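Across the two complexes that follow, chain A remains constant while its partner is chain B and subsequently chain C.
Presenting the complex of A and B:
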């Protein structure tokens, strides 16, 4: 699969260590986490003011997504027919490479030398910017976070806050270099001025680009429309000003009706940023109509598989419900310890730990399903109820079944499985271990240096029990 | 095999069901009677709700009794904010007596140089304080997008409760969707530098709403 070519997911362990030792990154993450968590909590709590219940909404949303996936072949055909009827063109791409080929072809056919882009994670899967640049077409990211990341020559580290890993000082250095002005000392009071600076630079690009490229938050089958949700208004610019608009989106993004879309819109912004609605929500249908004074003359949808179809009917189908809100990573202790780049591919956090192995190959992302504390914060906040920890467990099982785990781990699990099947032996060993650990702790209740696995106690103490096993305590309690 | 056939083939195998024609017919049938999800319960005063939510989203709100008073209200807003008395307007509201209030208004699509854009709206949504604008020959989308200041005229009789109600109105009055349906909820914003929210990203920095009427209309 093409996706594996640029995946760095195999280097998760090495990168994790590097990220933990990066004080600038750690500072940026420490600042961001409480903001994300607090905003989402407030947004979800606001539902109750209108007599809405998060759990009820979420099960409705889950049903909408499940119902669509259950007959996705039919919904895709309906979407295509209706989109074509409104004057749009619909193309299909098996993988990322095909996406890039199609977009470059479209750009060449229309004599495009510059394309403005609204945020599209799928274009990251396809390495579209590299392909465009190689073909002599300049891609300009216009979401402020994506613009910053593009200037830095990096990839987004978060699906809705691409530059969350960047401090104001780093952004200032990029702007000074790119906008050809002297470097200044910046504090948070200067953020509005910096946003205005980017606005002015990007406005020129919006006005002069021959092509706009966007993703779609949803495709609406009923009307053949793309739904686009943004706060900055760059999505509107990209889909209104250039003569050609290309929508790149996954085949799983379909919802049947406008009503279904309205339900999902009560959950998506709240889960992402805590907003009851994002500043701009656009439904884009077809092209410029007779008499219209603005709008693109050509609208082309590219419906992309790139690993999605094979999840249908598999143990991982639940993952296709994902609406890309980012709540899972915003609540993940692993994500906020490492940032998004440690995950090595397009999607970070829990959803990435599931999607990266599935889209780029289980053998190419061995550590990711283990990048979890099992706390299920991600599953608890997911607006479409994806059992993320369960899916990670399935991936771990599959790794084990396919012999992809390191041999000491496989041996250890085999031994444990054998012992666990012999209750007497298990109890005897558990007793010995409890006593041994208790002896190591030497009455303090904590082990400061655990010789067998020193990594465990390098940054924290290992708490131990009183020296009795669960079975012993249980029998003692039954007797009293 | 074409990419489409190959992808649809994979999807069909994954879906794992026969009778494609029957399932597609059932899907199409389900589109004719769309079901609403859980609906919010709100106080009956939709105008008050709309106003409060719009202000919460950093829009400013004024009200006038009738349409003829709009040009004076626009002139007052522009002068109070130190903005030039000139604007681009969507042609549907271009015919008001702007000159009478000393505002130089051009009815057309917006260009980059336009500082203020004046538009109407198809309807407004009380639940979230949102405007719903449709693109069209008389309502070019750029007017609510390019200028730094967007002034929107909202007839209070066009304030509905929810997005679903707005869609019902759209189906009843237009049948199909225009090129762009734009839901606008306050000035554009970004939080991409250190998660600090700043108003005025790519879209307008200021959104001013002028409510028209008393809300007693049916």
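Presenting the complex of A and C:
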């Protein structure tokens, strides 16, 4: 199944309304936003302690990513060669369906009935959990947030905090049900105990699973390694305990050297969670060697295109620099009004408003490139300097070029543009409009219901002037 | 010194007093201020909608109107950003228009930027008794780097105290057509701005972009706040916005 089939991105508008009216979600989002923003600000400020400057580092990181993308095919070949030399296998997948097919085949070949998973957004692109379940293989998400989301039968609403939309009460209800115990009243003080409870359950899964599936934050070409950046330790369990380890990641995740990886690591955790370094940074190379106490007997990389290669050399290539830190959504006023599910596909927030149309079809996500005020709070914090608003803008242009905008909008713009090109007519119409607005305001200075822009007056008044335009007042003044 | 004042379509239609306040402030610097008669709109709505051909047409029109002045001053961060940063993207590579567009772009300034950094004849702010809080609008702040200029100018107004609201750099949710297309989302965002304004408890909210100000004022009034004044910085500095 390709991405577009499970995308709900066409329903952004309807979902947005639904999310705005959900007080539980709104409460969760209100709580989370200052935490994300504050932590990242502190993390970036702490660069100074190491004598580093965010802007300088960001431009270095951007160059690393650009340089890699310029010769992506070569770096991928080097990676493949080195990874194979360490005993790993490297497979290539064109799309999500192929990913699922490959993983199911591997599982069958090794008689796997249960797979533990560390966080992988690409497996969400591939709908891998559904495919595994359909093949009789039980996928168990082991990242705490992913575990919660899986219990709820939902999808992640944030790329690094998958369950950010859930309140503690909702999580407690899921745990009580799943873990077969009575419901208790919980406060934030109980979070460590609840995490412990999940840990105990997950430990059994780690020990009994035949296969571990993880993503990779980066692939390092010179060593043929996967780099995993995590905070909970589940990643280590998933990648070392089961006999088979499958790494699923996008082809753009490659970096040439460990040195480059170290540079990017100065930015990734700081931008994501504000940490100078995450609790765990794993470099996974090859398989268990003689004398190793643990490690997989089989390591298989699945390197996935799913729409990435066609962005190379396109107007959207900048997007491939993304290192998946989540800072763009953490600073997005739209994301924090709606949460991630409103965006309808795997990636929410500004990065999603660019990636969803590109990966699932521009015509399948018409609203997303417009679901932005253009504030550029995302672009300003992006650690690899992706001009997200510019890319959304280019998508808007492409919608126009392909005739995908609704006709009333096209007509209105055409008429407005024609009038704006004719100053005398424009002046006359502006005067009529000013009079009309003033008449609607009925002497109160504001309009409460405006049929031409109901979206505005549903939640706001429209303050208006005295019914005279600047230009008519100015010409009158010049005459006197 | 010949200055062009580009009042913006929004000021023309919704709040002429901002245009007259800007005019007074600029004249007080000793410059000769011309309001080019044929000006309509800089084309931002077309650009934001993704209609490049229309944005290009309106850019050409504006460039022709605004050439030949020492400076162009605009009481709006987003329109100034359109001319300074977007026009060169639209026409920079055109052999004929490229040099012309760059000529206008580099001489174009947002009002507070102009008064604080460029104006030669000095500047005297009117008295303004009361407390104000300043909303940094996005295009001015992140597009043009306007942050300290309006605050410097406000500090010159006798009797004025500046109280910074929390998250003053957060978007107000206006976003042009966004505020109508996604009215409910926009309302939710501006609601957070109104909370910040209420938290700081200033007499007036001041900003440099009329779009943001109309959005903020509209939501404040709908929430039942009838007292907080919402003013363009030109109105504050020029001493009231009467035309």
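Note that in this section the second predicted complex is superposed on the first by the 429 of 480 C-alpha atoms of A that agree within 3 Å, B and C clash if a C-alpha of one lies under 4 Å from a C-alpha of the other, contacts with A are read in each partner's own complex, and residues count from 1 in each chain.
Going forward, a residue touches a chain if its C-beta (ideal position, glycine included) is under 8 Å from a C-beta of that chain, and two chains touch if they have at least 3 such contacts.
All values derive from a computational prediction rather than experimental measurement.
By the touch criterion defined above, A:421 lies against chain C but remains apart from chain B after alignment on the C-alpha atoms of chain A. In the superposition on chain A, contact of A:182 is made with neither chain B nor chain C. When the two complexes are overlaid on their common chain A, residue A:286 makes contact with chain B while staying clear of chain C. Set side by side, chain B and chain C differ in how many residues of chain A they touch, and the one touching more is B. Touch criterion not met for A:23: it reaches neither chain B nor chain C. When the two complexes are overlaid on their common chain A, residue A:145 makes contact with chain B while staying clear of chain C.
Of the two partner chains placed by the overlay, only chain C lies in contact with A:465; chain B stays clear of it. For chain B in complex with chain A, the residues that touch the partner chain are 2-4, 6-8, 10-17, 20, 23-24, 26-28, 30-31, 34-38, 40-42, 53, 57, 108-109, 112, 127-128, 130, 135-137, 140-142, 145, 162-164, 167, 176-196, 198-204.
Per the touch definition, chain C reaches chain A in the complex via residues 7, 9, 11-17, 19-20, 35, 37-41, 43, 45-52, 54, 57-58, 61, 138-139, 142-143, 169-171, 173-192, 214-215, 217-219, 221-222, 230, 243. Of all the residues in chain A, the ones that touch chain C in their complex are 13, 16-17, 20, 333-334, 337-338, 369-377, 379-380, 393, 395-400, 405, 409, 413-414, 416-417, 419-421, 423, 426, 430, 433-434, 437, 446, 453-456, 458-466, 468-471, 473-474. Against chain B, in their complex, chain A makes its touches with residues 28, 31-32, 35-36, 50-53, 56-57, 60-61, 64, 69-78, 86, 91-94, 98, 142-145, 148, 161-164, 166-168, 171, 188, 191-192, 194-196, 199, 202-203, 206-207, 221-223, 225, 231-234, 236-237, 239-241, 251, 256-260, 262-263, 265-266, 273, 276-295, 303, 305, 309-314, 317.
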